[in-house]
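Order as written gives the chain letters A, B, C and D; numbering starts at 1 within each chain.
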Amino acid sequence: MNYVFKLFSAIISGIKHLFMRRLTFRYPNQKLKFHGDGYQYDPKEGVGISGYRGRHILYLEKCTGCSLCFMMCKGISQAIQMIDLPNIQVPVNKKSSFPQIDYAKCVYCGFCVDACPFKALFETNEYEMVSYDRESLLFTPEQLAIKPKYKGTYEIKYGKRGAYHG
Amino acid sequence: MSETPKIKHEPPKREKKIADNITVKLRKDILEIEIKPKRIKVKVKPESIKKAANFFKNKLNIDHVASVSGIDYPNDNEIEIVYHTGTYKHKDLSDLVIALAFRISRETPKTPSLTEIWPSTEFDERETYEMLGVIFEGHPKLEKLFLPEDWDDIPPLRKDFKNPRR
Amino acid sequence: MSEIRTFPDFLKRSSIVLGVSVLFIIIIFGALIYTIPAVSNFKDVLLELIGINSLFFKIAVFPGYTWAALIATEIIWFERKFIAKMQLRVGPLYAGMVGGILQPIADVIKLVFKEMISPSKSDKLIFYSVPLLSSAIGASLLAVLPVSDGWLIMRSDVSMLIVFAVIGFVPISVLLAGWASNSKFPFIGALRGLHQMIAFEISMLIAALSVVILSGSLDLVNIVQAQSRIWFIVLMPIGAIVFFITLLAELERIPFDLPHAESEIVMGHQTEYSSMAFGSIQLGTYIRFYALSGIFTTLFLGGWYGPQFLPAGFEIINQIEWFTLKTLLVMVFIIILRGVNPRFRLDLLLKFGWSRLLILAFLNLFIAIFILQMGWFPFTGGI
Amino acid sequence: MSELTVTVGPQHPGSGHFALIVKLDGDKIVEVIPDPGYVHRGDEKVSENKNYIQNIPHFERPAILDASNMLFPYVHAVEDLMKLEVPVRGQYIRVIMAELNRIISHLYYFAIYGIFVGHSTMFMWPVADREHFIDLAQMISGQRVGFAFLLPGGVRNDIPEAVKERANEACNYFEKRLIEYERIFMNNPIFEKRAKGMGILSKEDAIKLGVVGPTLRASGIKSDIRKDEPYAVYDKLDFEIPVSKDGDSWARAWIHIEEMRQSMSIIKQALKDIPSGPVKLNLRGQVRPPPGETFTRAESSRGAVSFYLISNGGMTPYRLRMITPSFRNLRAISHITKGLLLADLPPAFWSLDYWPVEADR
C-alpha cells in the first residue's frame, strides 16, 4: 500500500509541474543580462572588478607592447600572439607590437587582464563568436579594439508559478 | 594549514606526543621526523618500511592511505616514496595526516608493496609504478593504469623525461 | 571554400518533391471523381468504393488507418510537448504555427529522405518485412475497435479473440527484428521484449477473460453494451489495474521500456533500423498505442457511453466523441506515467509479472465469477 | 557455466570516458575490472612546466563542474608555503563559491543518475535547476563553468551587491524543488526497488578501501574535511553532515540531496555574516613560494581532494601530486558491483559519482 501511495505522490508531483512556468531560455530570441561591462582589473589595488568574462577589448592607445599577457597565456592556452602592426602609431608603443587573440584556443580565464599593468586589456560581455572556419576566430588588434554592442535584458525571475526567464 | 601558521611557534602538543611515541617504538628505523600542525612526516630507512607500516596500522589505528606519491631527485640519484596515511576509525585523529617517507635508489627502484597491510594502496602503487618506474614487490597486479599500453619511453614523472612535443 | 550544403536548402528541395507528388495525387483523384460523372454508372460504383459509407472508406480513412495514423503522429507531438511541460522545457517549437504542431510531419519527411541502411550480414527479407509487420499489427487491431454503435469496420462474434490473436504477433515481430539485424544489442533487446511480453500476456488474457465472463460475450460491441449502466472499472478495479499494467508492458512504455532501454542496450530491436523503416516501426508502435488504449476503453471504461450533449440525430458522432475522449485520456495517463517513472529491471519485472500480476488477475477472475453467480450484474449478454 | 567478458565503455551510453571489463556468469556480474586512463592528460607533469598562477585554470579542468572546490587545496598549499593570511571577506567568498559548485556538481549527479535508470524527468529538472546556481556563479566570477576564481591570497574580485538577494531567492526556490525531487525520484517505488540494497559498501570495506566523500558517509562514517579540519571559515558556519548507515546506492543519492540542503544553508549564512574589507592580498608580481613541502586537503563535492606540493623555490612547482576523490573511489567500483545484474551496473557505479576525467587527471 505504501508503494501505491508513493507512486501516487510521484504522479501528483508530475501533474503539478504541468502548471508551472517553463524555465527554458530561448537563446537567439532572448539574451541574458549581465551586470557591469565585463571583467576589469585594477593593477593598483591588485583586485579585479567583477563582470562577465567574454571577448576582450584592447585599448590601443594604452598598450605598450610589453607582452606580459602573452607570457601569461603561454602557460595556459597559448591563445595570445604578439604581432607587429607598423600602420598603428601609438606613442607608448614604439615597436607597434600588439596582442592578437585566437578565440579557438582561449579559455576565458582572464589572467591576461590581470597581467596587464596599464589597463589596456579588459574583457567584455560579448560571447557570440561563431564562425565556419578557424581563421575568423583569430582576432587582430584592430578587431579587438572595437567596442562590442551587447544588449541582453533577460534574467531569471522567481514568481508564484516557479522560476522563468523574463 | 594556512589560517594561523604564525601564532604556533612550538610544535603542537598532540602531534608532539604521537611523534614521540613513534620515535620511541621505531628508534632504529627512523631517519628524521618533521612535525607541523596536523601533519607529521616520518622518514624511515627503506628496508624497514614494512615494519613501520605494520606499527602504524596496529598501534596508531591508521586504517587507510590517501595517496602514494613518488618524487624524483636526480641530483641525489634517489626517488622518494611518500605514503600519506590517515584514519577514519579514530575520531580525534581525523584531522591528522601522517606521511611515511623513504628513499630508494634511482637505478634499481625496488620496494615491498604495502597492499597487504593497506589494500587502499593498490591503484596508487600502480600509478607510481608507471609514472616513476618503481617496482613494488608483491603487488597483486603491477600493470599500467593510465598510460597507453604501448608506452616505451622512460617513466614520465622522472625529471629527465622531456615532452617530445615541446 | 567548398560549397556548404546547408540544411534548409536540403529541406526546401525535399519539400518541393513531396508537394509536387501530393499535388499529382490530388489531381488524379479529382479527375477521377469530377471528370467521369458523365458515365453515371461508373460514378455510382466509385461512390460505393470511396463513399463515406463504404467499407473502403471505413478501413482507409475513418475509423481506420488514416485516422489512427493521424492520432499516432499527433500523439507523438502531444507526448513531446506534454513531457516537455512536465520537465519545465518547451519541446518542439518552430515547425508549424502553434507550438511546433507540424513537428511530427517534419520528422516523417526527414525520415523519408534518409538513407535506408541495413547491416551487411542481416537477413534482408525478414529485416525489411518487420516494419511492415509492425504497422500491420497496429492497423489490424483497428478493424475490430468499436468506436460507436453503428460505425465500425467489422463486427464479429469473436472480436476479442481477434484482438489477442493479433497482439500475439507483437513478440514475434520483435524477435524477428532482433534476429534479422544480426547484431548484439537488437538481439538482447528482442529477447528482453519476448520475456516481458510472454510474462504479461497471460495476466492480460485473464484480466480480459473476467470481462468476458461478466458480459457473457466475446463480441466487443456486446461488451460495451453490457456497460451501459455501470463501467467494468467500477466492478473490477483490480482487473482494470492488471490490464492497464500489462498494457504498458505490451506497449514497451516506461516503466516497462526494457526492450529498448537507451542507457543499457541503445535502442533494442530497433537499433539497426534507419530511415522510414524505423519510422514505420515507430508509427506501428504508436498506432498500437492508440488501439490498445481503445481496447482498454472498450473493456473497462464503457466504450462509447457518455452523456449526450449533441442534438438528436447525431448519436453516432456523440459516441465517437466519447470513445475518442476516453481513449485519449488513457493515453495521457500513460504519458504521465512515462514522465514520472524510471525503468524496471528485467528480473524484478518478471517476478512482478509472474508472481504478483498473475495472482491479482486470478483474484479478479474469482471476483467476476462471484459477481455473476450472486446475480448482481443483470446485463450479461448485452441489452 | 562459461564466463563471458563484456567491455562496457568507453563508447557505451552507460559509461563515462572509461571502460569497465565485466566478467559475467549469465546475467550476473562475477568481477568488474575498471580500466581508466582514456582521458589521462598528465596534469602532474604538465604542472611542473607552468608557474603557480598559470596552473589555476589547469587544475580546474579535471573536474570542471567542481572548479572552485578543486582549487581550494591548491591555493591553500601555496598560501601555506608562502605564509599568507587571507582576508576574511575573501575566505567567505571562497566558501560561497565552493558551496555553489557543490550544488552544481550534485545536480549534475542527479541528472546522470536519472538517465541511467531511465527517468527522463530526473534528467531535465536538475539540468534546469542548475541554471539558477550557474547564473549566481556567473554573477560572482564572470564565468559559467570554469571559474578560475580562487587565487593564492584571496579571490579574483568582490561580489556584486545584487548577488545577495538573488542567492536567497534561488535557495528558497530550490529548497521547495528538492521536495519534488524526493517525491518523483527518491521515493518513487520503482527507483527504490532499483537502488535500495544495491551496490552495498559496508563500513569495514569503506575504511579498508579508503574511499572518500558521500560514498564514505553513506557507509556510516562521519567524515568530512570541512568539519574534521576546518579550512577557510567553515568553523564559523553552522551546518550538519548527513550520514547514512545503509551504504547502498539509495543512501548515496540521499546523501547528495541532504548535502545540497546544507550547502544552501551555508550560502545563506555566509551571505548574511560576510564582513566588509578587502578580498585579496596584493601580492605585487609573481607568486613564488619558498622551498618546502605541504599537504593540504579540502572537501570537494565528491570527497576529499588533496594536493601534495613540493617547491624548491623556483617559478614552477618541483613536484605536485594531486589526489582526487574519484581516483580514491575508483577502488570501490569493483567492490560494490560484485553479484549485481548487468542492467544494474551503470546506476550502481554512477551512485559513486565517479568522474573519469577527475580520476585520470
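FYI, contacts are C-beta pairs under 8 Å (C-beta built on N, C-alpha and C of every residue); 3 or more make two chains touch, one makes a residue touch a chain.
The model shown is predicted, which means the values in this text are computed figures rather than measured ones.
Enquirer: Through how few touching steps can subunit A be joined to subunit B?
Expert: 2
Enquirer: Could you find the chain whose CA centre sits the greatest distance from that of subunit A?
Expert: C
Enquirer: Centre to centre, by mean C-alpha position, how many angstrom separate subunit B and subunit D?
Expert: Averaging C-alpha atoms per chain gives centres 25 Å apart.
Enquirer: Subunit B to subunit C: how many Å between their CA centres?
Expert: 65
Enquirer: How many Å are there between the centre of subunit C and the centre of subunit D, using C-alpha atoms for each centre?
Expert: Result: the chain centres lie 46 Å from each other.
Enquirer: Residues touching two or more other chains, restricted to subunit B: which are they?
Expert: none
Enquirer: Where in subunit A do residues touch two or more of the other chains?
Expert: Residues 7, 10, 13-14, 17, 23-24, 162 of subunit A each touch two or more of the other chains.
Enquirer: Give me the residue numbers in subunit D that touch at least two other chains, ranges are fine.
Expert: Answer for subunit D, listing residues that touch two or more other chains: 49, 121, 128, 184, 188, 190.
Enquirer: Taking the top-of-page definition of touch, could you list the pairs of chains it picks out?
Expert: Pairs satisfying the touch definition: A-C, A-D, B-D, C-D.
Enquirer: Taking the touch rule as given, give the residues of subunit C at its contact with subunit D in the complex, in rising order.
Expert: 83, 86-89, 254-255, 257, 261-264, 266, 338-348
Enquirer: Which residues of subunit A touch subunit D in the complex?
Expert: Where subunit A meets subunit D, its residues are 3, 6-7, 9-10, 12-14, 16-17, 23-25, 34-36, 38-39, 45-53, 72, 75-77, 107-111, 114, 123, 155-156, 158, 162-163.
Enquirer: For the complex, give me every residue of subunit C touching subunit A.
Expert: 4, 82, 84-90, 93, 336-337, 339-341
Enquirer: Which residues of subunit B touch subunit D in the complex?
Expert: So the residues of subunit B in touch with subunit D come to 1-3, 5-6, 38-39, 63-67, 69, 71-72, 82, 84, 86, 88-89, 94-95, 97, 99, 118-120, 122-123, 131, 144-148, 156-157, 161, 163, 166.
Enquirer: Going by the contact rule at the top, pick out the subunit A residues touching subunit C in the complex.
Expert: Residues 7, 10-11, 13-15, 17-18, 20-24, 26, 132, 162.
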